[in-house]
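Notes to accompany the following structure.
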Amino acid sequence: MTAQFLYGGAGLILFVLGLWSFLVHAPLLRKLIALNIMGGGVFHVLIAVAYRGDGVPPDPVPHALVLTGIVVAVSATALGLVLGARMQAGEREG
Amino acid sequence: MHLDLLTDPLVLCIMLPLLGAVLTAALPRRAVLLGSLMAVATSAAAVTLTILVWQSGTLRVALGGWDQKLAISLRADGLATALVVMANIVGLGISVYASGYFRDPERMRAFWPLWLLLWAALNGLFLAGDLFNLYVMLELLGIAAAALGALTGSRDAIAANLRYLLVGLLGSITYLLGVALLYTAHGTLDLDLVAASIAADDELFAVNAATLVLMVAGLALKAALFPLHFWLPPAHANAPAPVSAALSALVVKAAFYLILRLWLDLFAPVTGMAAAMLLALLGAAAVVWGSWRALRAERLKLLAAYSTVAQIGYLFLFLPLLAATPAGPVRDSLLAALVLMAVTHGFAKAGFFLATGLVQTNAGHDRIDDLGGTAQRLPATTFAIALSGSALIGLPPSGSFIGKWLLMQCAIETGQWWWVIVVTTGTLLAAAYVFRVLSRAFGLEPTPLRFITDARAEIPALLLALVSVAVLGLASGPLWTLLGLQAGGDA
Amino acid sequence: MSAWLLLVLWVWPLVLSLPASRVRFRQDWAVGATASVAKPVLGPRRSALPWVALGPLPALVAVLAVPLGTELAMPWLFLGTQLGLDATARVYLGFTALLWLAAGLYTAYGERGASGHAGRFDALFLLAMTGNLWLIVAQDLFGFYAGFAMMSIASYGLVIHDGSTSALRAGKVYLVMALVGEVAVFAGLVLLASETGTTLPEPASVRDLSGLTIALLLLGLGVKAGMIPLHLWLPLAHPAAPVPASAVLSGTMIKVALLGWLRFLPVGELALPDWGHNLALAGLATMALALPVGIVQRDAKVILAYSSVAKMGFLMLILGLTLVQPALAPVGVAGIALYAAQHGLAKGGLFLGVGLRKHAGAPGSLAQALILGVLVFFALALAGAPFTSGAVAKYNLKPVLDAAEWTWLGGAVAASAAGTTLLMARFLWVMVRTEPHEESGWTWPLAAWGLLLVLVALFPFAFGKPASWATNAGPIGLGVGIAAAVALLAATRPKLLAPFIGLVSPGDLLALLAPLLDAFRQSGTTLLDDLGQAWSRLQALGAAGFERVFGTPVGDVERGLRQWSLAGALWVGISALLLILLLASRPLVAPDTGADAAAPVPTSTLLRKFRDRIPSLSLS
Amino acid sequence: MSLDLGPLLPGAIVLSSMLPGVLIFLVDEESHLLRTLLNLFGAVLKLVLVGVMIWGVWRGEVFESRLDIAPGLELVLHADALSVLFVSLSTVLWLITTVYAIGYLEYSVNRSRFFGFFSLCVSATVGIALAGNLLTFVIFYEILTLATYPLVAHRGTPEATRGAKIYLAYTLSGGLLLLVGAVWLRTLTGPVDFLAGGVLSGMPASMHGELVAIFVLLLAGLGVKAALVPLHGWLPQSMVAPAPVSALLHAVAVVKAGAFGILRVVFDVYGVEFAAELGLLAILAALASLTILYGSVLALTQDGLKKRLAFSTVSQVSYIALGASLLGPIATVGGMVHLVHQGIMKITLFLCAGNYAETLGVHKVSQMDGVGRRMPLTTLAFSVGALGMIGIPPIAGFVSKWYLGLGGVTAGQHWVLLVLAASTLLNAGYFLPILYRAWFRPLPAAWENEHRFQTRFETMGALLWPPVITAVLCLLAGLFAAAPVSPLQWAQLIARREYGL
């Protein structure tokens, strides 16, 4: 119970921290990291939800969600990085 | 997977463009041909789907073989189908236009897979039957859209679309948190089951409210509701024309569709008049601000982008009216009007952007004040701008005219007459910005000898604009049938 | 069959106006036609058919051939046309057609001047003729009004024909007054139609007229009749117009007013003592002003114009008296028509004579002597000397005058007769002193004049009882006596009378009116200018404001919004607000949980619910 | 005939100009013949169809096309006597104007665009005329605005663009007010068709306040096009348009649409008796009278010929509104018949003004000295129109004036006579000086911009005959006003039906 509670609560805190960081910091890299932290927070919550007690196999659905979410987050981060790199390259040329 | 699933139009609507994306990525040299073929096939599937829904009502398909509580399910009800058919016809138009638009082979090769991916995500989003799939599609849509928007490679475009990407991610993560909370509270993600659960259980009101706020907040960012629209104008204005059309006409609409779904279907017991009023007030601000900014825009595409901000605002005005109207034919009419306005805007804005792109290609720029000669050299294009423009203004006989008529009628009936003022102000401002463009077409420049100069580009723009004006404005009755609403709703 | 003549008689001149205008619609405009028509050529006209003289012929035929009481109803024409010929109309038609014929002959063969514009003059002449004839035979008020308007407006073109400054001024005064009169008549007729419900007015059917209607009709037609003070246009228009135009203006057109009154007022049906007395007094006042003012004029045609005004005054007096005593109507109406006819013919003769005196025959020639002689005859006839038409016509009206309540009336009428004699003497004096400039080709005009002479000369014997022939000698003799004395004085001591001549300018009261009008115009202009300036300043302010809001953009307002911190704060704020609103507006279905709904979400409740949902889960 | 024309004819009449119009857009600029053929085909076809309809309506047949544009929102085209009056007017004048425009634009550019919109404009007008309910009316009313805008802006000069902008600003705002009024009314009544005698008289007294407010909204919306003071500002500005367009604006389509709308609202929505009961007629009467006088006063001060004519329109069109504002069938007849009479007289004047401009380069009254000698037929036509405007019998204008005056007096409103009298004098004040100059002043040595056509007549045939024909129509409409087929008789038929006599 406590662990689940901690997990979920930490997820929420992570989300809020990430959000704050995302909004306050200008550099792209920090924003991407902040987004990933927010994502991590949400995954934490989902994992907490999946917990059904010791010895009971966890709910598979949140796990599936988390896995998919990670894939999506990775690709989004990748695209963000590519775009950022392009822009930087463009700035150097210009 | 069963074979009959593969031929189900519901599945095909998503699988065909996805397949197309893979194929065009794999065979970049044949991208145009393959992409066009897939576009035609997808649209055909969408039309088939529409006919089926028209005839027999809501369709469902469960994928993966799990029970409904956990399965990946697809669902095509009237609302979804209406948007699907709009999106796919517009998509076909954009595809035809795009097949001749890109001169640079590299961009062309990059365009087709991304575009088909976006298309698949779009169809997926409209047809998804559970909240998580919706998330995946939303994310996919955001990524594809941002990538497409940056396709011109200019610094402005990349900066704007990077911002768009970040906003999109922020929005979808917030939405995902909402999904997590929802799953915590209700233990299922299927739309129908969640709806039933929320309706049945009043004790979870606060959680539901929090969930709704998280989801709507995330989606409002993506739908560019005032004042969260800050990312939209630069992103849409700097994208290549077909992409702008898709972004403005379809992608924004997808986020709004989701808000509507949540607000009306899932969280109906949670939503109240006050919250609806807040969103509508923001919508009203969007109408006025967006229209005014459009009026003062220097560039044609920026004008179109701000117009999108305003048009999205109109859609939010419906929420308090729906809240104030008891179920029945009047409410049905209102709902249909809402969908009609969304659909009309989809067609009109796509036509507008496609035409705008042609003007830009021809003139080499899109500064409104210097467009005189170009507007006059391309009569069909100007005509398309005029047609879609009159749909944007809401002049008869366009779909948005009927939408506004019903909106105002209901506003007066429910005593919320102030929306009438918002609508009229917005309409006047819209007329001002549309005709600011059109007045350029009446200069002293030499006259063209032909109406149509570039068929592949002009005909899609013209047809899309024409649908928004003539078809939706003069024969919108089928929409009611498609939505499964009581026809003839009138006070 | 002869009924159709009533239609033909006014359609015919209308049709003739087209060839008479001599407009060539097809010509080679491409080769500088402008230049050739621009220069008016002076001199006699090129011979063409005398269209203007042909105009009144069907009317003359109709006078003789159409039996009295004939009616021709054409309900499909205009607003329902009814043409007809009663006794009054027949008299009117007769003298009108004759005078138009004489004037037409004079026009066709004698009229000189800007002959480049002859076509225009002739066409307008025929149009005025059309109107005049139409209104006489029209028994519906639409026909009367249409003819009246057509005549009035076409005459404007006749008045200003020679284009001189004075003609233009006269034309302006004429037109303004004619239009005011027409508007009043229009209003009067509308009221009449509304009050009586008929559009075929005759005395018997117009008994229910309101005072307003009568006043409007009296004033509206009074303009045409020259009722003081509505006569201002007459002394200006007559000298300005060419001779034949003056002849018909004075001879027929102003008489139309009387015809209108006879049709639209309940003459002989109803005693209208107030209106009758007012009209009679107006007639007397008209005479009292016109005669002395006329005597001091220089121009022969102005003198004749004032004489016409005075004569119309006399007829108004008679009509007024008839209105007072309906029993007099049979005598009065017939008398008025006859008097109008004789005055028209004589006045026409006088006007044409003015023109002939000026041009036909060398100074001192026999022709000129004859012309002067005939002028003397016409003048006597007009004044009403014994054995002339004037005396006979006046005699016919004697019962009306005698029946009047006013005992002094006889004296006043006699004084007016003497005054008229003086006026005519003054006219002859001016004529005698006019130097003729001989021109050739006056045969036809002289013949036309001769026709008038014969008609006027035969008039007493055709229409008068022998008893009436020798009447009216007293006042005329008095007038002649005074005239002789004055003439003697003028011949011996010219300086003594010189100050009187031209003492009052033509159009008398107009001289008083002009400064008033000027002042009005001045103040109006000043006021309007000020208003205009204020308005344009307001407009400029408005335009500037508009430009500020909707003009070209200044910078990018939204850049600030794109700052993540601001946008983020807005986003979070809106979301929070949305949450608060959702929670606050919770529907009150379950009041027991309503209390903690507004509180922050308690996690424990959440988890409890979660566990309840999945029973397999154990807490321990 | 076995084919039932009833449900098809109104739609066919609208389409008979709309489809050729759309095709004309696609015609190459150089294909003069094809375009002319399409134009004339549409115009003549419409004329024939309207002829069939007049015949039918006279015999009491019902022509009605219905189309559901959305559930509960019906597009209704319905031919009643009033719509037939307006349809016939615009159809006949359209044919004439088309011929004129073909001649007028002979050497101009952008002709396909021009004629395309020209046809759309008339389709919209006919749609307005045949509209069977307020929704349909609003739809065509807005289409008319849109179709006319390109015509006003056609010349492409800065003044033209500006005039078009002002036109649009006024008419779109007006259209919007009309829309709001129509929507509001619908919330009270539900969907109702126009009905002779009105549909609102049964409304409870508690709603009367709302009904008055709605009427004000509708009137404001219609008043813009009908150029009621103070909503008339666009009309003089849009004078920059080519002459056929001005003719169209002033005589056939735009201004008429507004006036026609006022008639519809007063008679077939509110019902004239009910409107009188609510005190609405007084508002309308005051506005109309003010407009009549104000327009004429301003016309006096204009030197530009077309501007003077424009202000004259402002004044004259309000005769129609005045007729609607007086209770009683006679005034109604006056208002209705002036719809036609003002149309034929004003079109004559504008076509003539166009002739002067095209042939002699004369645009101002002060340049018109002697034009009567150089262009006798045109000036003759102009004179007929101008005298008719003043109300000189037996030209058509007198008939309207008579019925208005008689109607006013019959309704006990004697002040109408004052308004008519003042208007007559003012009209004379600004028209007669023109006639004086044209006929009596000497010709100038040469005109600045004289254009010589290859013809023996004063100007090109296509320019010359249309105004001559309309001038003859003015005369005929007046001279045969009491004949069975005249506009007056038709107006009386309408009045009888409206008052249920």
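In order of appearance the chains are A, B, C and D, and numbering begins at 1 in each one.
In this text, contacts are C-beta pairs under 8 Å (C-beta built on N, C-alpha and C of every residue); 3 or more make two chains touch, one makes a residue touch a chain.
Source: prediction; values computed, not measured.
Two chain pairs, A-B and B-C, are compared here, and B-C has more C-beta pairs in contact (counted per touch definition above).
Among the chains present, the centre nearest to the common Cα mean is that of D.
When every chain is reduced to the mean of its CA atoms, the largest separation from chain D belongs to A.
Distance between chain centres (mean CA atoms), chain A to chain B: 28 Å. Chain B and chain C have Cα centroids separated by 72 Å.
We define each chain's centre as the mean of its Cα atoms; on that basis chain A and chain C are separated by 96 Å. If you average the CA atoms of chain B and of chain D, the two centres end up 42 Å from each other. None of the residues of chain D touches two or more other chains.
In chain C, 610, 614 are the positions where the chain touches two or more neighbouring chains simultaneously. Taken residue by residue, chain A touches two or more other chains at 19, 22, 49, whereas all remaining positions touch fewer.
Contact between chains, as defined at the top, is found for A-B, A-C, B-C, B-D, C-D. Taken together, the chain A residues at the contact with chain C in this complex read 1, 4-5, 8-9, 19, 22-24, 26, 49, 52-53, 56. Residues 70, 132, 135-136, 139-140, 142-143, 146-147, 150, 153, 155, 158-159, 161-162, 165-166, 169-170, 173, 176-177, 179-181, 183-184, 189 of chain B are the ones touching chain A in the complex. If you check the complex, the residues on chain C that touch chain A are 564-565, 568-569, 572, 603, 607, 610, 614, 616-619.
Those residues of chain C that touch chain B in the complex are listed here as 550-553, 557-558, 561-562, 567, 570-571, 574-575, 577-579, 581-587, 589-590, 593, 596-597, 599, 601, 606, 609-610, 613-614. Put simply, chain B touches chain D in their complex at residues 333, 336, 340, 379, 383, 386, 390, 395-397, 401-402, 404-406, 408-409, 412-413, 420, 424, 427-428, 431-432, 435, 438-439, 442-452, 473-477, 479-480, 487-491.
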